[in-house]
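Take this structure first; my questions come after.
Going by the order they are written in, the chains are A, B, C and D; count residues from 1 in each one.
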Amino acid sequence: MILILKTTASQPEVDAIMARIEEAGCQVHPIVGQDRTVIGVIGDGTSIDRFQIGRMPGVEKVVPITKPYKSASREFKPEDTQFDVGGVMIGGKDLVVMAGPCSVEGRSHMVEIAHACKEAGATILRGGAFKPRTSPYAFQGLGEEGLRYLAEAREATGMPIVTEVMEPDLVPLVADYADILQIGARNMQNYPLLNAAGKSMKPVLLKRGMTATMNEWLLAAEYILQHKNHQVMMCERGIRTFVTETRNTFDINAIPILKQLCHLPVIADPSHGTGKSEYVAAVSKASVAAGADGLILEVHQEPDQAWSDGRQSLKPEAFGKLVSEMRAIAQAVGRDIPEPERQAEIRDIVMSGS
Amino acid sequence: MILILKTTASQPEVDAIMARIEEAGCQVHPIVGQDRTVIGVIGDGTSIDRFQIGRMPGVEKVVPITKPYKSASREFKPEDTQFDVGGVMIGGKDLVVMAGPCSVEGRSHMVEIAHACKEAGATILRGGAFKPRTSPYAFQGLGEEGLRYLAEAREATGMPIVTEVMEPDLVPLVADYADILQIGARNMQNYPLLNAAGKSMKPVLLKRGMTATMNEWLLAAEYILQHKNHQVMMCERGIRTFVTETRNTFDINAIPILKQLCHLPVIADPSHGTGKSEYVAAVSKASVAAGADGLILEVHQEPDQAWSDGRQSLKPEAFGKLVSEMRAIAQAVGRDIPEPERQAEIRDIVMSGS
Amino acid sequence: MILILKTTASQPEVDAIMARIEEAGCQVHPIVGQDRTVIGVIGDGTSIDRFQIGRMPGVEKVVPITKPYKSASREFKPEDTQFDVGGVMIGGKDLVVMAGPCSVEGRSHMVEIAHACKEAGATILRGGAFKPRTSPYAFQGLGEEGLRYLAEAREATGMPIVTEVMEPDLVPLVADYADILQIGARNMQNYPLLNAAGKSMKPVLLKRGMTATMNEWLLAAEYILQHKNHQVMMCERGIRTFVTETRNTFDINAIPILKQLCHLPVIADPSHGTGKSEYVAAVSKASVAAGADGLILEVHQEPDQAWSDGRQSLKPEAFGKLVSEMRAIAQAVGRDIPEPERQAEIRDIVMSGS
Amino acid sequence: MILILKTTASQPEVDAIMARIEEAGCQVHPIVGQDRTVIGVIGDGTSIDRFQIGRMPGVEKVVPITKPYKSASREFKPEDTQFDVGGVMIGGKDLVVMAGPCSVEGRSHMVEIAHACKEAGATILRGGAFKPRTSPYAFQGLGEEGLRYLAEAREATGMPIVTEVMEPDLVPLVADYADILQIGARNMQNYPLLNAAGKSMKPVLLKRGMTATMNEWLLAAEYILQHKNHQVMMCERGIRTFVTETRNTFDINAIPILKQLCHLPVIADPSHGTGKSEYVAAVSKASVAAGADGLILEVHQEPDQAWSDGRQSLKPEAFGKLVSEMRAIAQAVGRDIPEPERQAEIRDIVMSGS
């Protein structure tokens, strides 16, 4: 931590600041410049609250040096985190493609769209049973009934499932059905929920909050990781900006930043990142080129009949075409999205090996 | 609802769109222009999902007309909502001043600061027992112990208390101690929590999410109001923008907008809205001038020793001076912040009348 | 300047960095911590480019200490800047109220609205002759003809005039007619224009760019100040955020920040800061309470007939009522907006004294 | 244009609104709903100012239907615009790669870096002679001397040059040397400059303003196009958001949006879009995958010695590697970046054909 003092700081103020640092068991390194003094603090920074010390008379600004997230950082663990979910390896050379409808709408609908997604190249099935909706008057999801339909679709296709959980109490129920717990953007800083997801020891897909900085997002992951649950995926789904042409602004920069700062797999969500189906393909391909470890995409047989988010859903044929295009780009950057026919084979290898 | 069709929409597309609207029991009013057709829809709009219909071939854009929030709107209830909380009338001619430390730090500390706030002019006491913290490694609040200290401070001073609740399960516990439940910015779209707060029938202080539009915020209020709990206050606490000089950008425009759109009392939180104590007075006075119905302010005897948010806390003397300055402005705009000595008297009147 | 080195910085890298600093004639103060080294640099920082040195191998981050703007800062000049413009003192105890139509629309129209503004309490007349318009197909202003009408309105009412200039070449022409040159938000970083305005030695009203930080804005002022033209006003007119209910988000925080960082007068523009006439009064009063030194407001007899920006213009009666309300608030914060009848008197005093 | 009236609109208000529309020579189509009336307006919308009519009593909101930009839109010209600049075809199947230093720093430096860029695969040379700098105390560019060095580098390598022009007066000078005029982000709404660039009939690279919507950006292009200068490239260079890890947030969504809305070539600038060299490769590859027609990249032999923007510049070797990677992706999406050895050949074909 570095303290930049005011040009007007008095000697008693400087002395008080240095005394406070030393009381906390840290060492003080003052640098006396022409106009002002700067104090370097060496030692266990966690013993000094930077906001507290920033309030002491004479302090202009506090510059933190150590990254506040620990377990998530590359410095803590240099190599990429990889883990398998029901036979699908995440964070490895092969990209993972998660697909399915925004909401679970019924048993046969779910099984049918699951088969269509699998044939088109998906390896993980998505679908919402509990839906966070801006309006209390909008469809709120089928609840446990939806979870059962997801489980049936998994049985029918062999694909693991990812679905959202919205409150700590429901984590055990959702974890009973799902292979991956999704924490939505609105809940990225719902700390009781993060703790519950951490304790469940289930893989977690952690969506970025609409306005989350990298620091905040990685600290949210840290809430999960502190429970020794290391199976966390960071999902970029767009941020809120002044732009109105798209529902969100997909932050493509976040992909290389995350790959640099942390060791967790990075998943792109171009459906929410654009909010309009006609832009999903371009941004999906961009995400693969930028180094994402996977994608999550909304697919629906009849988007204009979807119970939610039809505006950003792809039809199965468009999704299949996109998977082929993404495969070509994945190969161009030294990675792959295996053909559907090879997926079962890979699954057996992963399952036997893990 | 109005549908703007594409210039390229074909007749069969137009027919399909009109058929869909009529199936939903609505009337169709097409306007055929030079380049394109626009369709007016009359009837109960809730039977048509605007995102679904927006996906139909030939539709370029859907323009909703009815406001999505109902109970919160001025159209639903033109007169201002007023209610009393432990003898303090909220939403009336007199402004309410809520003050106290960010975190409850101990019994004697809490009682002492409560007295100081009361003497300086506060009528409601704030203090955090459960703290949402960005980092899992930061102080998370004293929990129920903190609630007990708040209750003791209420007993000692007669001031009702407002404190944050972070998860649905804890609503009954917090409601046992608190007079007002605070929903924090990070939880503005935590729908299970909003529902639980609504069902508690306790007054709720609903903070604006960091990146919430008016629509989203009013719909969040709607989650509470739908349980017939009408004691909701809207609290502007700053939004996230590109500006880095302040922790948040206090959206002063939100005050007149809310007063126009809804009938709920509007509370300003300049402590979070600026994040720096040196700017709190200016923005507090601005909020009074703009028409806020009250303020919530962080006050601490020794801000540089505070366990959280000291950077934005005022000392009791500065707070007292600010209350006087705000009183002068309140009077200049035809309202008031009664002198501390008059508060007890007012409380008796309110209590006997209510 | 402080350099925070990477945890992986090698000794040769550290040596090279220190050598570079010493070559530039600065002193090096290394602080060796547990994980990494931090280097304090003492001396004339301008001789080292912080972006260049930030690129040297081993450097993680550069923290500048000295503020990049010089002449604008409070450290350079602690007392408030005051100056008079045609008998109106700006930056003193009395607030200045600038008012008039968005665009000059004709001779009689201009003279008439000028009289109405003066009677309602304005002391400076605004009006656009050269208009920056988003669309090339929109009305672009009357040009020099508009300047002549402004000059006639000044002659008729005695009020100095402020009007926008959009290109360096036109500075001499506009300066011939105007008492204050306005630099618009879109041109805040139009450096040739800033230089030309600086050289003109005319008072300048510098609007904040839609997305300008304080640093960028104060550095834009610095372009003018470097020509020894010290008559610069900083005009907050709202920033662009995700909010769509208003045209811009008026940044009320900017008022106390500017008063702290710089010595220049601060003017509020609630017309652009909200974009809707129904919110202008609330934000104008808030600006006075927050410490603004003046306001600039759009006034038009028939806003729904205005050639531009009618949506945010007040009618003269509403403007007159607002001036009275602002006067009460100004007095509540120890300042004033003199009654129209006292303005002539004040003007004589200022003119004879200056 | 559609007018949504207030629920409280009176019949005389409705009549006045309809009369105004008919006076303007347009047809009125009222739709009377349960709560309110909506009025469709048919005819030449340009004869009615939407802001003016929006101010009429009884009007709640005006919804424009026709896109405000004309010449730039796909509806006006469905096929992609292509043009050649000194033998380099822009907007065709082959992507264009523009590269070079941020600032021109000297004759030999410029010629040397030009050769390095060409060998690595660039076909157009960039370099700044007139530099818009946030601080008046920063290096402002070599001016005309820099233009001469650029011209020498063109002679030495055969590569056309792109360089920024900052003021209308200098357009003729810069156009004398440059093959493409660059309008920088800060000047996107400098209308006199846009007009001057339009009149020059030179190809223009129009950077997006830091906070520009698509509408504003396309209307800025319209200022150029209205002079029958159709050689305009839209350059996405990142927008300003709350994110602080990168200098700007590269808006990848903008690429498919622009390709849908307009027919002009789209160029990506990942150097400014990220501001950090370590993220440039990922975002460059993403841009190619998303459908950009070309890139502009900062390349410098010794980024840590660069006179400006070294933080985001690539070394020639890194740039060469990136071009190869982008080529693979371009081919994966059905396009190409020809090998350096094939460029001369292509140039001859283009030159003879055009």
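Remarks
In the analysis below, a residue touches a chain if its C-beta (ideal position, glycine included) is under 8 Å from a C-beta of that chain, and two chains touch if they have at least 3 such contacts.
Every value quoted in this text rests on a predicted model; they were computed, and no experiment measured them.
Judged by contacting C-beta pairs, the busier of the interfaces A-C and C-D is C-D.
Summarising the inter-chain layout, the chain whose CA centre lies farthest from the centre of chain D is B. Distance from the chain A centre to the chain C centre is 41 Å, each centre being the mean of its Cα atoms. Per-chain CA centroids place chain A at a distance of 32 Å from chain D.
Averaging C-alpha coordinates per chain places the centre of chain C 28 Å away from that of chain D. Residue positions 211, 240-242, 244 of chain D are each in touch with at least two other chains. Those residues of chain B lying in contact with chain A across their complex are 46, 49, 51-57, 68-70, 132-137, 166-169, 186-187, 189-193, 210-211, 215-216, 219, 222-223, 226, 240, 277, 303-311, 313. The residues of chain C lying in touch with chain A in their complex are 2, 4, 7, 29, 31-36, 38, 40, 42-43, 63, 65-66, 75, 240-242, 244. Residue ranges of chain A in contact with chain D, taken from their complex: 211, 213-214, 239, 241-246, 249-253, 255-257, 259-260, 273-274, 278-279, 281-283, 285-291, 325, 328-329, 331-333.
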